[in-house]
Every structure is written in structure tokens, then in C-alpha cells.
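Structures incoming, each one as C-alpha cells.
Below, chain A partners chain B and then partners chain C, in two separate complexes.
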Partner chain A sequence: MNNSPVEQVFLTYFYISLTVLSIAVISSRNIIHSAFFLLILLLHVAAVFLMLNAEFLMVIQIIVYVGGVLALFVFAIMVMNIKEELRHRRFVKFAGAGLLTGLLFFAVFYSVVKNSRYDFVTPITSDTVSFGRLLFSYYLLPFEILSLVLLVAMVAGIIIAKKYPREEK
Partner chain B sequence: MINDYLLLSITLFTIGLIGFLIRRDLIVMLMCLEIMFNAVNIAFASFSYYSGNYTGQIFVLFSIAVAASEAAVGLAIVLALVRSTGINHSDGIKNLRG
Partner chain C sequence: MIETLYVIFVSILKTALYFGILLLHVAYATYAERKVIGHIQLRLGPMVVGPHGILQPIADVVKLIFKEDIIPSNVDKRVFAIAPIISLTAALSTFAVIPVDKNFVISDMSVGLLYVLGIAGVGTYGIIFGGWASNSKYAFLGGLRSAAQMISYEVALAMSLVGVVLMAESFNLSEIVNKQNELWYGMFLFPQILGYFVFIVAALAETNRLPFDLPEAETELVAGYFVEYSGIRFSFYYLAEYLAMFSMSALAAICFWGGWTAPPVLIKIFPILSLIPGIVWFLLKVYFHIFLFFWLRGTLPRYRYDQLMAIGWKVLIPLALFNIVITSLIKYYQ
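So, the complex of A and B:
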């Protein structure tokens, strides 16, 4: 089974735009520009979720990532008050080795993914009701443990970032 | 087909990995972690779509929650590091006991 032409057009668009946006995130000189490119990238990923019939995940992606995580990033940039980003260098000394590692990783995974097939019966329909039924029946215990993880992360974030009074020598 | 979505996923993951390895700024390294999380989420959602059950989408939900807590703790660590030493680059950290 092949893609429909509309799906192919959208897939090509998302492939090109996500690649360009992620390269822009890792190569822009100003950190706040990186944050804005990351904002557009997260919205595009939300649209990819919508193409995969996962509209609940699209909403969660926009609420949690764009509304929570990205706001946290912008807030951290504001608190740290980073100004001197315009003159110093962006990459570490051994950037070539990192690039080579990444390209090797891509080559290995591309050789696996290139011919992958999945003989599916029917793709899922977008159905938030059965998603919620599965989440609150079979996956109830992981869901509750996840709330504990979020609570511990919140407390840890507050304690680590707290401003301690300076010690007297 | 599923290999289009998987190709998109590994491309995003590779770019995030390269960015994590070669950038100096700690905040941009955390942003690359978010890119890698998103790539894995696309792979999960595409497997869920093509196999016809919702377990992959539930794993995406869990992964988003873990990514949110990871961003909170990571940014708190970077903030504490910048406050105590004034360093915000990964190759400027030279001693373990600040």
C-alpha cells in the first residue's frame, strides 16, 4: 500500500521543514533564536501527530511542550541573563568527531529503516474515548507513578535552583 | 508507509544527537534533548498508527511527562551551576566539587 498524494505532499513538507528547523536550532548563534526555532519545530511535530490520527497527543504536545517546557526555557534564559553570545564560538573543540559520530549513527539506522515494511490490517482511527479507556484501565498504575515522578521533579527543581545564602569563610 | 515516518524520526534524532555533541551552551544542549524526545515520539506514534492499537500513543504521553520533568530538573541544575560558578558552557566545567 502506498501513500495517497496528499499525504505524500504533507510528508515531504514536514520532512524538509523539520530538518531545516532542527538544523536552525542547533546552529543559530543567539540562544533566544534557538528557542523560537524550537517553538516552530514543536508545532510542526504536533501537526505530524495529527497526520498520524493522534489528535489527543497533538493537544498535549501544544499544551505541555509549547506552553510548559518552552516557557521554562525562555524563563531560564531570562533569569541567566546571557548577553555575550554574539562574539564567542558556538561549538566544542572536537566538533568534527561529534559530526562523524552522528553521521555514522544515521547511516546505520538508515540501512535498517530503508526497507522496513509493516503489513498492517487497519490504521487506527482518531478515537480519544478508547485511548482514555486504555489509559485509565490497563495503564492506571504507570499513570499514577508518573504523577509521583512529576511531583518529585518539581520538588527537586525547586530545591536545586534555590538561592542559598553565601557561606562565611 | 511507515518507513517515511521512521526516516523523519531518525533524521530528527540524528540532528539532535549531533547538536548535543557539538554545541557548547548548556541550554542549547537541553533543547537538543527535547528534539531527540520528539523524534522518538514520532516513531512511537507511527508504530501505533500502523499497528492499530493505542499503546504507542500512551507511551508518547508518558514520554512527554518524563521530558517535562527532565527539562525542569536540567534547567534547575544549569541555573545552579551558572549561579555558583558563572559558567554556562559545557567545556568550561573543570572541577566536580563546586
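So, the complex of A and C:
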């Protein structure tokens, strides 16, 4: 797809480290370390987006996953007492089930991806423009439905966080 | 192949030059802060090293580098060691997309504005992880406070810039500056005054500066998230804080004050002003904001934590949303 040796070196680095990091996320015993590896992993995914000329997706990846999702993870993890988990041996019991699920997922994923076609066309306009055009024309209905879902989630969040009047007495 | 090497060489040279000069600016910003705060409090500030203490930052840097790097015994060593580096890297990489002059920008990214906002969020992790790894109450509380504060104010910060993006019709920082230069007064400050106000307040909170420096409130948390740090790792945090201040000031200068351009009306009245290079205008605007940061530090008392959250969610975000609605209505009916 791209012939520049520099880009190929970078992409190879990103792919290898993505694999290593994702293994590190699930295999480290301390969940703060996991969160830390996840941070680096998500930044690497963003970098791969950048290498594929999808600047907008890269930035959205950083803002949504790194700035939003992972921040909430870390918030929740930090107030937990992780000393207990550090003392336990690794959760070897579930290794078989985990491996099976992983293989199943990979098989399904592979069967879907196997026959798909890739067109690496260098976009004429920036991907922000084409993304916005598609979102507000062809995908308008799904977009609006999603916004409704988000609104429901927001209202639900407020309701859950609200103190019930009975508790105030 | 030769061309590739040439491109790599030029980018490295450009980056080294840019960041070398940037770090010098940051070093002297610490000096400027001590001087400004000193004079606000009717003191003289640093006076000993060199005439008027001009060599003080150099002495500080040398001291910090040669200090012992103490790692307390019960900390999580790896996370403790790496956390300041996350903060520093995030703070430095914002500057990759900030144009300081016409055509002088390291990476002219089409979504530069969003990139700056996104990377600013990454810096939070250095603080959270540093606070957690220190294994100390004060550092931990500082880290938690900073996480909550930065997540809340990021929303307001991003929303305050939506008005600018709507007016410039682009996320590219150079494009935003060019669009402003088409106006006769050459800046988005006046049509976006509401957005500018929200931006400045949110930027103060985002960079952990007074009056919102809850994460490092001396009176209650000793020094907050970096209590346990010393030597070079402490200086990384310190540097990251000042760099964040610089990037926020640069963002304010670019998005609201017209970046490296002078207002066209001013050029029309005094044609001689067009001889001043763009970088001078840019630095003037940036240093105005840096001074504003120091000035506010010398003037305002610290807010309480619940007040901080109330200001962020109940005042700034509604104001920013109002600004977005007004801007889009005007844009639509123009």
C-alpha cells in the first residue's frame, strides 16, 4: 500500500508492539499496570490510524478512548484495594476457557475478514470532511438514533447518581 | 532514498531547533513568574545569581539535574519512574502542531486543534499514575483531584473552541489563523468573547494553575501529586506544567487572537507594522497570556473543591453551549 521504507519500518514497529502490549494488558497482575499498558496500546492504535492517513480517526481515538474511557477505568481502579488480587496466584483456572473464547473469536473474525476487499485509495478531501459528509447524509438516521441512546444513558446516569429523597432523612 | 534521508534530517533539525528554543522559553518563564509574583507582593524576586537574578533558571536547572533521584522504598518503582515522563511527553508533543509563524509548523495536521485537546488529556495520566505510584495519601489525593478536575474541564475547554471551529470551518490551526486575518479586526476574540472567557477559565483549571490548583494545594496536600518526587523527575513535572501553560497560551493566541498575524486594520493605519515578523506578534500574544496566568496567581485566592466542580459543570459548560448555539444561528442566517 505504501512504498516508503520509513513508513514500513514504523508500521512494523506499531504492529509488533500492539501485539506485545495487548498481551501485557491481560497478563500483568497489577491492574494499574494493565491500565498503563492499555494507555500505551491505545496511543499505538491512534498512531496506526495516523499512518493510514486517517487523522480524524486518530484524534477521536485519543479523545474518546484515552481521554474518556480509560480515564474512567483508571478512576474506578485507583479507589479499589488491589492488595488482595496481588496475593492470589494468576487466574489459571480460567486459562482454558479464555483460550477457547479467544480461538472462537479469532475464527469468527477471520471468516468475516478473509474475503473482504481493501481499497487503499488516497482520499481527495481530508477524512474529516468525508466523515462529516457521510455522517450527516447517508448515516443520518443511525447517527440520530445513537444520539438518542446516549441521551437515555445520560438520563440514566443522573438518575443512578441522584440521592433518593428517602436517604436524605 | 537520499530524498527520504533529507526529509528525515530536516524534520529532526526543525524539531530540535523548535524544542530547544521552547525549553529556553519555559526556563525563563519560571524566572518571569518569580519576578512577576515578587513584584505583585512588593518583593524583588530572585536577585542573587547574575544581574537581577537573570541566571537563576540556569542555576535551578543545574541544581535539579545534579540532585539525587530519590525513590522512596514502598513505591511502585516502574510506574513511579515512568509517570513524569508521560506528563512531559504529552506536554511536549502538543507543540508539534502549533504554528509559530507563517509556514513554520512541524506537522501541519488537518485536525491540529483536536490533536492539542486530545494530547492534553494524555498528560493527566502522568499525574494520576504518579499520584498512585507514590504510595502516599497526599500524592494520591492530589492525583485523584487532578483527574477529576482535568476530565471535567476538558469538556468545557473543547466546547469553548467549537465556536472558533464553526467560524473558521476548519480544525487546522494555520487555517484558523488565515480565516481570522480575513476579518478587518483580524481576530475571533470579539465575536467569540464568550468562548474566550470559557476557554481562559478552563485553561487555568486544565493546567492546574491558581485559582484552580487544587491538585497541588500546599495548605492541604503539601504539594499534591509530586510530594514524593525529587531531582530530575520532579523537574519533569514542573516542566510539563509550564509547557501546558505555554500550549494553552499558544492555543488562545492562535484561536482567538489571530496567531502570527497582526490585525489588518492596524496594518492599514500604520503600514510600518507589516515589517514586524510574525513570530514577534505570536510571542507577544503568547506572553500576554502567560502574564495573565501569573497575574491571576498573584491576585485570586484558591477555590474550594466543590466550587471548582460547580463552576465547571454548572457555569462554564452551559455558557459554552450557549455560545455554540448563538454562533451556529448567526452562521446559518448570514
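The working rule: the second predicted complex is superposed on the first by the 111 of 169 C-alpha atoms of A that agree within 3 Å, B and C clash if a C-alpha of one lies under 4 Å from a C-alpha of the other, contacts with A are read in each partner's own complex, and residues count from 1 in each chain.
By definition in this document, a residue touches a chain if its C-beta (ideal position, glycine included) is under 8 Å from a C-beta of that chain, and two chains touch if they have at least 3 such contacts.
Predicted, not measured: the structure shown is a model, and the values here were computed from it.
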{"item": "Which superposed partner A:V6 touches (first chain B, second chain C, both, neither)", "value": "second"}
{"item": "First, second, both or neither for A:A71, with chain B first and chain C second", "value": "second"}
{"item": "Which superposed partner A:L41 touches (first chain B, second chain C, both, neither)", "value": "first"}
{"item": "Residues of chain A touched, compared between chain B and chain C (which is higher)", "value": "B"}
{"item": "First (chain B), second (chain C), both or neither touched by A:M80", "value": "first"}
{"item": "Touching partner for A:F56 - first (chain B), second (chain C), both, neither", "value": "both"}
{"item": "Residues on chain A lying within both footprints (that of chain B and that of chain C)", "value": "56, 60, 68, 79"}
{"item": "In the complex with chain B, residue positions of chain A that touch it", "value": "1-3, 11, 14-15, 18-19, 22-23, 25-26, 31, 34-35, 38, 41-42, 45, 48-49, 52-54, 56-57, 60-61, 64-65, 68-69, 72-73, 76-77, 79-80, 82, 85, 89-93, 95, 97-99, 101-103, 105-106, 109-110, 113-118, 120-124, 130-131, 134-135, 139, 142, 146, 149-150, 152-154, 156-158, 160-161, 163"}
{"item": "Chain A-facing residues of chain C, complex", "value": "1, 4, 8, 76, 78-79, 82, 86, 109-111, 114-115, 117-119, 121-122, 124-125, 128-129, 132-133, 140, 143-144, 147-148, 151, 154, 158, 171"}
{"item": "Complex contacts: residues of chain A adjacent to chain C", "value": "4-6, 30, 32-33, 36, 39, 43, 55-56, 58-60, 62-63, 66-68, 70-71, 74-75, 78-79, 126, 128"}
{"item": "Complex interface listing, chain B residues touching chain A", "value": "1-8, 10-19, 21-25, 27-28, 30-32, 34-35, 38, 41-42, 45-55, 57-58, 60-62, 64-73, 75-80, 82-83, 88, 90-91"}
